[in-house]
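Structures for review follow.
In what comes next, chain A is part of two complexes: it sits with chain B in the first one and with chain C in the second one.
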Partner chain A sequence: MQALSTPSIQPAALRLAARWLLRALSLVACVAAWQWASTRQVDLGLVTFQNVPSPKDVVDAAGVLIASPKLGQHLGASIGRVFFGFAAATAIGIPLGLAIGRSRLLEDLLLPPLEMLRPIPAVAWIPLAILMFPSSEMSMVYITFIGALFPILLNTIHGVEGVDPRLVASSRSLGAGGWTIFTEVILPASAPFIVTGLSIGMGTAWFCLVTAEMISGQFGIGYYTWASYTIQNYPEIVVGMLFIGVIGMGSSVLVKKIGDLFLPWYHMQRKKR
Partner chain B sequence: MKLHPNPRRTILGLALSLPLALGLAPGTASAAETIRIAIGTQDTTINCATGGLLIRELGLLEKYLPHDGKYKDVKYDVQWKNFTSGAPLTNEMVAGKLDIGSMADFPGSFNGAAHEKAGKKSIFVTVLSGSVLGSGNGIVVPKNSPVQSLAELKGKTISVPFASTAHGMLLRAVKAQGWDPDKDVNITTQAPEVAGSALQSNKVDAHADFVPFAELFPHRNFARKIYDGSQAKAPTMHGSLVDAGYARKYPEIVMAFLRAAIEADRLIAAEPEKYSELIAKVTGIEAEVNYLFHGPVGLQTRDFTWKPEYRQAVNTSIETLRLLKRTDSDIDANTFINDTYIRAAFKQAGLDYDKQLKNYEKLPLKAKDAVTAKPITDFKHLTQIWVQGEPLVRHYASADTAFAELRKLEQSGKKIRTVYAHDQDSGLKLLAGDAWYVVKGKDKEKEISAFLLKADAQAWAAKNKGTVVDFDTLNAGKAI
Partner chain C sequence: MNTSSVLERRLDSAAGLASSSAGHATGTGEIEIRNLSIRLGEGRQAFEAVQEISLSIAPGEFICVLGPSGCGKSTLLGALAGHWQPSGGTIRLDGQPIAGPHPDRGLVFQQHTLFPWKKVLDNVAFGLKMKGVGRSERHTQARELLELVGLAGFEDRYPVQLSGGMQQRVEIARVLINNPRVMLMDEPFGALDAQTRLKMQELLLEVWARVKTTIMFITHDIDEALFLADRILVMSPRPGRIIEEIRLDFARPRHPDLMTSPHFTQLKRHCLALLHPTSNLVPLERLSPLGPPPFDHKNFAV
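So, the complex of A and B:
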């Protein structure tokens, strides 16, 4: 069958463009609502916008920050701290998770203390972090590390435990040894969960950034946000929050995309459904 | 299939009966007006004690709240909230959750500016405690550091709580050294809580802080004070602010708060040891440090009057605020500081405000020497010993008598809480353990002088042919 006329734009591309337009419009509508609420000083009783800075103030403050020569140092310092903490959490969390997932003995030995440490908020770690590590930078990296560790660890454990035992049994019956089962069955099966854990862990590492940078302030987006709080510069606080949000989201998506490169079969499977 | 008979009717019934039940609840149908008095305190900043901790713990506010005239049938809702610094307190005041708050000159200026930005106004109604020379702020180094003065910190890292009164002192001290704050020294931000750990593990070369940390950290034995704020000659004060609208509406309540503060001051002046212990119980800051500030001839002076030096402190902080915030938000110190309420409170209490305004004396010590029983008049050589288990501090007219007594007490097995000395030149109260001493003469002619800075001790020793020793050597009683 021949098409009556070849369309100049693919309908699929149009649909995609429409979706992006909708997302953009949604963001614009939110900002417009925020501008209206803050300039009109709306008071809804439970929540009030009387003292919330308006988008315009925030944009002005963002402009000042972007033009400032210190921006590079702030961003560099923060990205460094998050990256090293995340890297350490990956290097420790994944192997630990794989081991705990496979060995009941290790699970009984290691999981109880780890589960005790998990709910401890980053702020509570500050004094010990300062005492335990040789430099302020390491103390800060420890805080982002502890923020990233648990999502990575738990998702890895979950992934390993969720491997279909029939797959393991089948490969054993086909003559696979312990190591082969691990690399060819367990690892690929738990990989999607590991990637999800990494993506969440990246987000939680950024989450702990402000806390980490309270340890020693000079540079960093978290420090910038907290110092603005101390001198009551509310627009700057929002700028700091947005920077962390955007960079955090961006790096989280990046981790997911990189992870997905290792999981081509997973996405094929999903598309088929 | 019916799961439950008429769930809709049940929900409707509940929804209707709830407001009815709440309406009949005691208190909601009352015609009496409830006035909220929400007071923000900084308990760990112990020199604010008369504006917060003492009033709250001793129930002093209720004694002065009005119950006549327009307050006849009023119910008071007194709320107390504690903070470790001025910024979150200001945040809550701006958000309308607090009516009165106590903080230092620097955070106070930010408070004024933040209110103005939000379309409100706050007024600085009284001073609580201060030093016209600048004591109260100080710089400490880790205990094992070889540094003995600020000059040795060139090129090093000094941390300070951002935008605090100590930050202002540090900037001024750096300027006085002729340094460029961006190049010659590395100033970073650390809250006092965090700095304590950093000093213990030698992560910073020095730390500047406000009351009481520059003395608390040395007392806890992991730091040593090497600079007193008075060397920067920048007056510093802590005081109380009130929302201007609230003050206009309820001036009698503001007066009641101030009367309570005046009463708290009277009580602690009369029994400094007792209330230092109370502050210690509530805050965990040891009584020895509290007494250092609140006791007679203390490091700071409790004062309610707006001396020109304290007005200057607020002005300086407004200027520095403009620099730090990079905004043009300007508050006029003349309308920001409002002394009408404290003047009225003084009058009501039968005190003379103008007389106190001219009084620059520290709280005097009316005591007799513990050995000779003669009244002590010269406070520059005053040395004090607080023995464990004794409720009161022992006073000695000179360091030599005190050290002799100290040796006797320790030999008899008594534990010593702390020893206080006074710097011979400035008269500042010191923790004797960290001070430097010059010993002149022998036996009956022996004269011991105390100094905060090693350099001062050495200068005096050179001029008067004495020997410089530290506390441990002196206490050991070895022949010099």
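So, the complex of A and C:
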């Protein structure tokens, strides 16, 4: 009634606020259910909450981690590994994807072995990564690289192969050829797909981080998570999981947002549809 | 006034370029097609899309090609553009055989092919960029052409922000910036509503009166062909051959009023008969005290 009597508030804004409220309530309800299940030590037979730390334990553990100087070291080590793995995947995935998408010969030559490697999970790479690289730091970077490579590569190929052939024909009639078709048409036309690949690749690099940091180390948020398990610090496991989830999502969104700055035309097009 | 002087300057410089690069005839845009055949598809699916076409087009002539869908008119245009290889015969532009696409032969499609990632100004300037013209010079020229097609003020829009008619104007400006000897237009206004289409036809005639390039314009709209062309070529269904040539001597500049003149209507009827031979066979309504026969009876009679 109050809302109705004040004309300054738009009904659309009110509806939006209601949706956000609902979303927040859903989150709160989930945490409450978790708190209830873990403090009551609910045992459903198939799944048990007896050893699951409660949200309060997790918040306490997170407080300890945030207050300790180790957090910076953990995060620094992890961000460095993900960054180098992601950068290498970008530097290799985009040119490789452009080449494979553009040339049938290269597609036949390069894609079959890559398709073979693609379904292999990051964990399965651990032993070989240790054997292949002299330093454990390198093998950890390699695992995040593997995680990021395929989304970037496949999205780039997809983008190049989806370029409208009429645009290529038109650019030819306007005087473009070989290299200029590539730089003026193929590259910008596939850019939205490349950005999507980079964003997904950033997410999967974080996804593979725990696996990578299982190899060794003293620092790293994945190492922290894995070590907490081995020394039975259960709340810390969840703290590590949450950190990876939030940072992974955040950096993925960041990559997308930065990419989108270069593609204003793409968003106008999408809005119109 | 301003636009025309700017345009003359453009045309002068184009003529200067042509004469300095040596070998080009003074009257450019002359097309000679001799016994042209084009086969499309591979293996057993191959078919003759265009068969034994011969024709000559004078420099600066406006030709409309009229034909039913699938008759090979777009294939003919594609061969002129250099996107298809003839399987027999020759095509020459100003005496030179055509080998691949070239900015001398500008293409305009029914659905625009503007680069969605380039602003209008950069789309129009694209041809000059490919020639290595500097940024400020190509932007100046692109602005002049946008003014010519009535789109001054839209330089910084993206193609998606324009209406269909505006997109086609940009497309035309983008082709014209290369000073093409021939403009090849494949049903360029086919996707526009009737109102916009008429406006675009008038605009095209206006632009053409200034640049005087040869135009080969494909359409299946008889009114459009009659309104625009110096000469209409009517094509048969596949395999495409030219079955009739109609010279139009309507005075220029032409006005839409032309479309209601008796001579226009007479020619239109003639074209209709050529394109839809069966339409002659519609029986007259029988004079019966019971009125005209019900619809499905009529259908049966046809």
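To be clear about the criterion, the second predicted complex is superposed on the first by the 245 of 273 C-alpha atoms of A that agree within 3 Å, B and C clash if a C-alpha of one lies under 4 Å from a C-alpha of the other, contacts with A are read in each partner's own complex, and residues count from 1 in each chain.
Here is the rule we use: a contact is a pair of C-beta atoms (placed from the backbone, for glycine too) under 8 Å apart; a residue touches a chain by one contact, two chains touch by 3 or more.
If you're wondering where the values come from, they're calculated on a predicted model, not measured in any experiment.
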Fit-or-clash call for chain B and chain C when the two complexes are aligned on chain A: fit
Touching partner for A:Y229 - first (chain B), second (chain C), both, neither: first
First (chain B), second (chain C), both or neither touched by A:A169: second
Touching partner for A:L153 - first (chain B), second (chain C), both, neither: neither
First, second, both or neither for A:L98, with chain B first and chain C second: neither
Partner chain in contact with A:V195 - chain B first, chain C second, else both or neither: neither
Least Cα gap, in Å, left between chain B and chain C after the two complexes are fitted on chain A: 28
Set intersection of chain A contacts, chain C complex versus chain B complex: none
Chain A-facing residues of chain B, complex: 85, 87, 90-91, 94-95, 110-111, 113-114, 117-118, 159, 161-163, 186, 188-191, 193-194, 196-198, 200-201, 203-204, 321, 324-327
In the complex, chain C residues that touch chain A: 81-83, 100-103, 105-107, 109, 111, 113, 115-118, 126-127, 129-131, 158-161, 174-175, 178
Residues on chain A engaged by chain B in the complex (per definition of touch): 50-51, 64, 126-127, 130-131, 135-136, 139, 214-218, 223, 227, 229-234
Of chain A, residues touching chain C in the complex: 164, 166-167, 169-176, 180, 184-185, 188-189, 191, 263-266, 268-269, 272
